[in-house]
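Given below, in the form of structure tokens, are the structures.
You will see two complexes here that share subunit A, one where it goes with subunit B and one where it goes with subunit C.
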Partner chain A sequence: MDIVITDLDPRFKHEVAKEEGGERVKYCFQCGTCTSGCPVSEIDSKYNPRCIIRMVILGMREQVLRSDFIWLCSTCYTCYERCPQDVRITEVMNALKNMAVREGYIHPAFRAQAELIGSHGRLYEIDEFTEEKREELGLARLSGDIAEVAEIFKITGLAELLSEASQEPVRTASA
Partner chain B sequence: MAVKYAIFLGCTVPVRAMSYEVSARKVAGGLGIELVDIPEFSCCGYPVKSVHQDTTLLMAARNLSLAEERGLDITTLCSACTSVLTEAARRLSSDGELLGKVNEQLKKLGRKYSGRTRVKHFARVIYEDVGLDKVRESVKRDISSLRIASHYGCHYLKPSEIYDRFDDPEVPASLDALVEAAGAVPVDYVTKKECCGGAILGVDENIALSMTKQKLDDISKRGADAINLVCPFCNIMYGANQRKVQSKYGVKYDLPILYYPQVLGLAMGMEPEELALNMNPIKPKSLLAKLG
Partner chain C sequence: MGVAHGEVKAEAPHMGGINEAGCGRGPRIGVYVCHCGLNIAATVDVARVRDAVAGLPGVVVARDNKYTCSEVGQKTIADDIKNLNLDRVVIASCSPRLHERTFRELMARSGLNPFLLEMANIREQCSWVHGHDREAATRKAVALTRAAIARAALLEPLERNVGSVTKSAMVIGGGVAGISAALYLANMGVKTYLVEREPSIGGHMAMLDKTFPTLDCSLCILSPKMVEVRENSNIELLSYTEVRKVEGQVGSFKVELLRKPRYIDEAKCVACGLCAEKCPSKAPDEFNRGYSERKAIYIPFPQAIPASYVIDPNYCRYFTRGGKCRVCEKICERGAVDFSQREEIVTLDVGAIVIATGFEPYDASRKTQYGYGRFPNVITSLDFERIICADGPTHGKLKRPSDWEIPRRIAFIQCVGSRDEHETDGAGKYCSRVCCMITAKQAFMVKEKYPDAEVYVYHTDMRTAGKGFEEFYQRGRSEGIVFVRGKPGEIVENPEDHSLRVVAEDADSGCILDLTFDMVVLAIGLRPPGGLVELAQKLNVSRSADGFLLEGHPKLRPAETSIEGIYLAGCAQFPKDIPDSVAQAGCAAAAAAGVLASDRIEMDPLNPVVDEELCIGCRLCEKLCPYGGIKVEKTDKGFKARVIELACKGCGVCGAACSARAIKMRHYSDEQIYAQTAALLEVG
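What follows is the complex of A and B.
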């Protein structure tokens, strides 16, 4: 990826550091412990946490927030455990994804999950087939939708965020 | 000391991993763990953490408040639920300002939370509250012919700081100890600590299935009879998606997966049907034949 110096936003790293989970991003000294132990990077180098953090520090705001690679963190916390600077990389990735969503970029798989939970209070709608199967096994029936979750989505502003148009993250070859 | 918890099922267990729920309830009964159902529990909040962290925290706080109302701590079957609820419980019990802010939001739902609920994975409840000695005492059937490889998964152990480092994520041992206490032979393998890939299945199926394949390769090579799991989402990868991995890569495993309560239940002398073993995605026929 080209780095165009006039496109860099020097405030970006401070913005990330103010976001919940992003507080320690500036402590990164680029040792690469995160990437070397990352189970996703091992299979596809397109996801490279060390590189993503470097991009944040350089101020490559657009390239980071609109890219699809920030959605590839499997949240395994291996890097989080090992980082010698305690950057808490898994949480930094969460912070970046939350910021991307507010910029109008949301991965369709995550949008779909959020919408299901907003509607039903659960990831799956409980149908009669499930209830019958549970009964056969001697398990209690489930209580259907949990309506208070829709209320929660309104209270926190997520409902409004999801009602706005969003784009799919842009496919990129690598970070 | 009586062991009593509110059982938090989450989304996946009661719909896609019923055999886990059945066996956990059965084993809990046998070990004297009382499980209380709270029908108002919702999704823990984990699936929206990537999208909107404030929503995750409020969903978790609401669930925690439901247990607190009844004076109960929570035990979980899904590791992702464990991590989100534990993280929220810890933050809210140590940060008064955050607790105040969350309570302003909970008030709109007619609820309040004081920060008292604690959260523990069901396997950790067996490991710590029941203890290995009691587990050994509960064994009635010899399952020493079974070689079992444990998959710890990620959120059962990490981030270790929220779990009081009860096990070492770099050299995990608690699940192997539980398998051994049940009388089976724990099997070690190279990629033991790796992630199942489940969290990115919807983002990039190729990467996710490659991650699953790596571990299935390693575990098969070691000649294990089954994989021991404590998370329903890991089961989606190793169980439900095992055939997909087989056809995509032209490999063959037919490796049964068992939830830990099924391993222990067999050892406690329960029948395979009682533990809903026939509902597991890979039929454990070969394994049961070994038990005779």
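What follows is the complex of A and C.
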């Protein structure tokens, strides 16, 4: 992929550094400690934290925020612990996801999860089998009342985000 | 930028110039506000500062200069002193550390007492740190200058103390830097005491097999220097000795040393080794990094200086089993063994001190992901030197520790404990400077011994700046050493064969390299040595944020400390290689010899004065003084505090604490400080 100077947004790295969690992104010296120990990179080379930070520093705004790879971090914090420059990579990924969402890019998997929580109050539907088991154990039935969850969605702005016609992230080749 | 600033307003009274009115019979102060080119003027409105102080009581003239320290700037002040009859001068410019001496000399040349100068630091403490806010910076500069004027009005003339010079020096630390400094000093005719806390001099350089980039045998080039130390009649070597206490100042330091007992009479021992042959107790050999054993009676290495054995009381049966054994004593034909030796206090008088305390290798076991200390085949770069050395555990055969077999695949990992932000207390944030070249050398040595060996170097950046260094790195590549830009996250050991799996991203190819090695060498960083904090306190020298000792000036006084008469050589200041350590040792020795060449030394008269009428002998000052510089003694008027000028460093703790207000700090009197503070608070 050829990149010309006008493709790059020199402000992007500063924006990320201003975002909560992204503060130390500019300290990265590209040693690759993060990628070498990353359990996600091991099974899917599309997720390469060193490369993502490189793209941030270069200013590849669209390619990063519209990507699906920023959503692949499993937040195991291994890179966070080992990074010699204390870049706090896991938090950088969170910052990037927050920025992506604000710009209307939500990964479909996360959208599906959010919608599930919105409609059931949890990530899975409670079936009758579970309710009966709970009764046997002397536990209360799980109410189907999701009013509180809806309220949380509203207060946090998640409801609005989900209702917006958001573009889905596009796949971008990592390096 | 692009701030307009005027020429020197030499004859422009309306621009804040001469103000005869209101000066009366009080002090006659000249104020000079410096632009320092754009260093100050880009941020501070210098003309506004000048005008803001021009009318203040006592201020006869206020001017601004482009460069106050220049000939032109100095001449303006000298002329004003003469023509306007000034008796005090205030200069608002850079830190007094830079130019206080310049301006004090100007005062003296112009017939004024140099202690009637006051400086306001509007550069380091104002323009440089408030570059973003011109308005606030200007207001602060005004406040600082007004405060300086307020203090200047109350300054009193002082005479400098004159001290004698003891024509001898002490060098602390007997590594290559300390050895070099001692030899330079001794060869200039200076009586030099070389103090080393270990039983032998030689330091870390004695542990190295070869040195980069020339591949000289390390001890072959060091041991002649060590022998020279022994032979030089101007050097007195005090090995196995630590610094306990230092008093006094440049020209006349009083040092108290603690000599640890060797239990061997150095003068009698000829290092025949018969004692060690018969000694029944074994101990890990620290010189071989624990990869071999020595006896409880031992010599650290064959070329040790002093060439004398030493008894390790932690392992010797005489000490561990209550007076039994004494085999060495019986076997020694020269009667050198002496169990009656005890710790001994030695005092020295020296005029100058060189600190050459070296470094401590980073403790690689702190990086648990690399398994040092758990996986036998993970070693450090210093371990490597011992394992490949002819005098090491394998007598020069490069073998791996788990089975002492020859390793065929070897990896090096760089920056272990360097360039590390994450582990703030143990590792350095800095680049340790020597590890890249150490690895280049060691990787080359592997190839030299075993040309078929596969050698990988995992690095972040290879830093090979130095004479012949880049060429050496190139030679390594041509030998087939693979340099991988990528740092492994962890090392996983196969418990069956103790092989080591290393996963790293090769940033250059974009591939994940999943390779298995027989041995991994960690290129450990250089840390400030244990005890440096305490030593710095004893000597009152400052340390920098990295934990090493702070040089007098990063560019122009690289071998000096914050304390006159105390100098730095080698890694005590910062990690450096052998040639740089030797060069700095020469620099430190030259600076020390310069002081020792003069017969008298002038010092700022900053020690306090005790008013015996007011002193109630409460001993608070005595208890608080960190230097033993003030003592309460019985006089015919009762108990009174007395300043020990030699020990006092003028810190002011006693003056601040004295509840009877009997202790007055010269040049920093309460009145002067109150006036300064009040003026600062007046400006909102």
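The criterion applied here is as follows: the second predicted complex is superposed on the first by the 162 of 175 C-alpha atoms of A that agree within 3 Å, B and C clash if a C-alpha of one lies under 4 Å from a C-alpha of the other, contacts with A are read in each partner's own complex, and residues count from 1 in each chain.
In this section, contacts are C-beta pairs under 8 Å (C-beta built on N, C-alpha and C of every residue); 3 or more make two chains touch, one makes a residue touch a chain.
Keep in mind the model is a prediction, meaning the values are calculated, not measured.
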Overlay done on subunit A, so just call it for subunit B and subunit C: clash or fit. fit
Check whether A:D7 is in contact with subunit B, with subunit C, with both or with neither, and answer first, second, both or neither. neither
Subunit B versus subunit C as contact partner of A:Y27, first or second or both or neither: second
Once the structures are superposed on A, label A:S143 by its partner contacts, choosing first (subunit B), second (subunit C), both or neither. first
Just to be sure I read the superposition right, which of the two partners does A:E103 touch: subunit B = first, subunit C = second, or both, or neither? neither
Let me test your reading of the model: by the given contact rule, A:S36 touches which partner, first (subunit B), second (subunit C), both or neither? second
Which superposed partner A:E151 touches (first subunit B, second subunit C, both, neither): first
Looking at the overlay, does A:T78 come into contact with subunit B only (first), subunit C only (second), both, or neither? both
Have a look and say if subunit B or subunit C is in touch with more residues of subunit A. B
If we overlay the two complexes on their shared chain A, which of subunit B and subunit C does A:E164 touch? Say first, second, both or neither. neither
Overlay on chain A, subunit C to subunit B nearest C-alpha distance, Å: 6
Which residues form the common part of the subunit A surface touched by subunit B and by subunit C? 78, 81
Per the touch rule above, subunit C residues touching subunit A in the complex are 369, 415, 419-422, 460-461, 485-490, 503-505, 507, 510, 512
Which stretch or stretches of subunit B touch subunit A in the complex? 11-12, 14-16, 18, 21-22, 25, 37, 39-43, 47-55, 58-59, 62, 105, 108-109, 154-155, 158-160, 169-170, 193-195, 197-200, 202-204, 206-208, 210-211, 276, 279
If we count contacts the way the header does, which residues on subunit A are in touch with subunit B in the complex? 20-21, 39-40, 43-44, 47, 68, 71-78, 80-81, 90, 94-95, 97-98, 101, 106-107, 109-114, 117, 121-124, 126, 130, 133-134, 137-140, 142-143, 146, 148-149, 151-153, 155-158, 161
Can you check the complex and tell me which residues of subunit A touch subunit C? 27, 29-38, 41-42, 45, 48, 50, 78-79, 81-86, 175
